[in-house]
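Reading through the structure tokens given below for one structure.
Going in written order, the chains are labelled A, B, C, D, E, F, G, H, I and J, and every chain counts its residues from 1.
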Amino acid sequence: MATAIVLLKTDRRKVTDTAERILEIPSVSEVYSISGRHDLMVIIKCETVDMIEYVITDALLKVEGVLDSETMFAFRSYEKREAGRAVDVD
Amino acid sequence: MATAIVLLKTDRRKVTDTAERILEIPSVSEVYSISGRHDLMVIIKCETVDMIEYVITDALLKVEGVLDSETMFAFRSYEKREAGRAVDVD
Amino acid sequence: MATAIVLLKTDRRKVTDTAERILEIPSVSEVYSISGRHDLMVIIKCETVDMIEYVITDALLKVEGVLDSETMFAFRSYEKREAGRAVDVD
Amino acid sequence: MATAIVLLKTDRRKVTDTAERILEIPSVSEVYSISGRHDLMVIIKCETVDMIEYVITDALLKVEGVLDSETMFAFRSYEKREAGRAVDVD
Amino acid sequence: MATAIVLLKTDRRKVTDTAERILEIPSVSEVYSISGRHDLMVIIKCETVDMIEYVITDALLKVEGVLDSETMFAFRSYEKREAGRAVDVD
Amino acid sequence: MATAIVLLKTDRRKVTDTAERILEIPSVSEVYSISGRHDLMVIIKCETVDMIEYVITDALLKVEGVLDSETMFAFRSYEKREAGRAVDVD
Amino acid sequence: MATAIVLLKTDRRKVTDTAERILEIPSVSEVYSISGRHDLMVIIKCETVDMIEYVITDALLKVEGVLDSETMFAFRSYEKREAGRAVDVD
Amino acid sequence: MATAIVLLKTDRRKVTDTAERILEIPSVSEVYSISGRHDLMVIIKCETVDMIEYVITDALLKVEGVLDSETMFAFRSYEKREAGRAVDVD
Amino acid sequence: MATAIVLLKTDRRKVTDTAERILEIPSVSEVYSISGRHDLMVIIKCETVDMIEYVITDALLKVEGVLDSETMFAFRSYEKREAGRAVDVD
Amino acid sequence: MATAIVLLKTDRRKVTDTAERILEIPSVSEVYSISGRHDLMVIIKCETVDMIEYVITDALLKVEGVLDSETMFAFRSYEKREAGRAVDVD
């Protein structure tokens, strides 16, 4: 499982609309309206890095209302899967 | 449920150790080793904002190996919990 | 009570008008014309974080004259008004 | 009444202690633990600009735990508390 | 006496014209064409902070040719009034 | 007459002392304690550019308490005090 | 052999098209879609520095979809040409 | 094949030594001494993202002489070397 | 002899044309196409600072194709060409 | 002839000494004490790019007093000294 985190600056009059359109993109697992210089933070999870690239380039960045982006790639995920703090992630 | 995202710069010789220590903090749901100027991205989820503040100030920032931090607060979470397509997001 | 602080860059010919329109938004408690790279600083206080998000996204950022924003969230407020040590502020 | 807003980067292991020491400085009306690159935001209100300068230079910046600062001066305050239009804030 | 220093980015084809128009604003005591990322530096001196705010917001930022601004407020002036190096300023 | 403007970051515990030592340097005409990321702004006026360089390099930057500096050179001064157009400033 | 690395910000709706057009420029050896604030990273290898300049200025920067660029020049290449880890590069 | 690009700031007295030590790390395919704010640019190619993370965190960042890093991940590589369209590069 | 160095961002489709037009300005001694965030670096040498200001403001910044500028002033030139120690440069 | 321009931040108490030591490095053609965030600007001219790299890495950055550097490479020099169009510069 590959994960990317995208910080977005959106048209200031369309933050909510843009968030909702992004949420409909498959592979987008979470959308947050955040503090700071950006408006939204999007978490994308895909089976492969190629799919991540496709989702960002061909879907996310083409959503109306998106003005600028800064992308972070998760080289490794240390997610704690609840319960007995099972390690061994993705 | 309140969510904060913390970007951390760590001692470059202790990235993995620092990540593992952070993962043991209750309320820390995910730790990623990320691309960019920071080394780690930590997602914290708590019942209240007060608890978020406590986790960041009294636990996260005191972990050995942490050098600098930039915090984002999620004013709103658009997690995809609805309908059929519902993906199991913590 | 949740608090957010928003730094705004406004249309340089409409700083005063923009400030006055922002002041009419309920939940906006203070508007300052400030030094630095931004023109205005707005303090928003609401009962819940959800309301803060609504006020920023659906009211503040849609005010005519607002060009860019940077938001800070107050995880904790140490306001002096409480208890015995209360000092007479403003 | 003159107002200054100071953003502080503090020793990451002493955020709470530093905030509490700052809160004891007369003229400091509010201290927030905030999101972003800084740790604390301090609001100072004095009768004169001279006093503001004295409070920042001779008290605030000398508090143990303060590492770096960025100061904003409020040229004008549009606080809602006055006159008829008064809205019930905090 | 209150002092503010404003760094301005101007339309690159109108630096001189913009400087001359700014110079006609009462309370503007000096205008410099400077090195760095900005084009002009303006020093404003007024009896009160309120007047400073008015001069910046209602006169300076409305001058044609001004594109962007960064303002600094002088909390204290240590001006040396020549002669016997008399201290005791404003 | 050549003019340079120097923004200084000083040891946060010695802002006033540093300002006073700087004020004693001949050719330093004004020292301000300012808002923003810097602590002091110094205006230097000399007969020649060579003297400006000497004052900055051999006097100003060697004052105890100075930590970092950013220098601006005034290519041209539009000061109002001269000639006929003289407006009554400060 | 001279090498330059160019980071590009492209029209967010045309990242893939722009990458493909750039790939057709002779001397462009690699194009990556990258994380961070830029969208693409381009590696150019030419016999001479003059040719590098020509490729960047007359071909790369004129490709439709390119919005902004930041260029790095490789003063020295330590490429490892596989095999017996042969050093001695170009 | 996964690719990461790492920009490094090194101890200014050990740029060459640091570059040579980095070149000995398996999976490091190229090391450049570059213009700009960084000293070295390192290209890492591995079979999997996990290995990339391991190489950066457990080898590269632990090399003596490395002071700071900024990492970019290549979501997609458009390298020309393959198949038919192959153009004669370097 | 006064010297100024100007870094220019130009219209990315007109770098060469812009450079050639700038080269025709008297007092411009060198124009370089450079790496980094800017496109051109221009060195201006004049008898007086006033002339430098005139060349930048009335000639250089008005050249078509120039989009943004950052100027550095040389307070002192340590050029090797003089006296005995003269080394054979360029 | 290859040209590099290096901006240096030096120990603020040793600007002149550092400049003079740098001036003694062969291939360094000019050293300027400059305005802005840096203290010195050094121009290096060599027959080859390899020599440039050697001068920067093995001589310039090892000079005592140098704290930080930012390097620009001149891909092309439009110096006026050549051929017919020669204008009388400095």
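What we mean here is this: a residue touches a chain if its C-beta (ideal position, glycine included) is under 8 Å from a C-beta of that chain, and two chains touch if they have at least 3 such contacts.
These numbers were taken from a predicted model, which means no experiment stands behind them.
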item	value
Separation of chain I from chain C in steps, with touching chains one step apart	2
Greatest separation from chain G - chain, by CA centre	D
Between E-J and B-H, the pair joined by more C-beta contacts	B-H
Whole-Å gap between the CA centroids of chain D and chain F	27
Length of the line joining the C-alpha centres of chain I and chain J, rounded to whole Å	15
Residues of chain J touching at least two other chains	4, 33, 35-36, 53, 57, 70, 72-73, 75-76
Chains that touch, pairwise	A-B, A-C, A-D, A-G, A-H, B-C, B-D, B-G, B-H, C-D, C-E, C-F, D-E, D-F, E-F, E-I, E-J, F-I, F-J, G-H, G-I, G-J, H-I, H-J, I-J
Residue ranges of chain F in contact with chain J within the complex	4, 53, 57-58, 61-62, 66, 68-73
Contact set on chain J toward chain G in their complex	2, 4, 49-50, 52-53, 56-57, 73, 75-76
Residue ranges of chain F in contact with chain D within the complex	12-13, 15-16, 33, 35-37
In the complex with chain B, residue positions of chain G that touch it	35-36
Contact footprint of chain F on chain E as seen in their complex	1, 3, 5, 19-20, 23-24, 26-36, 41, 45, 70, 72-80, 87
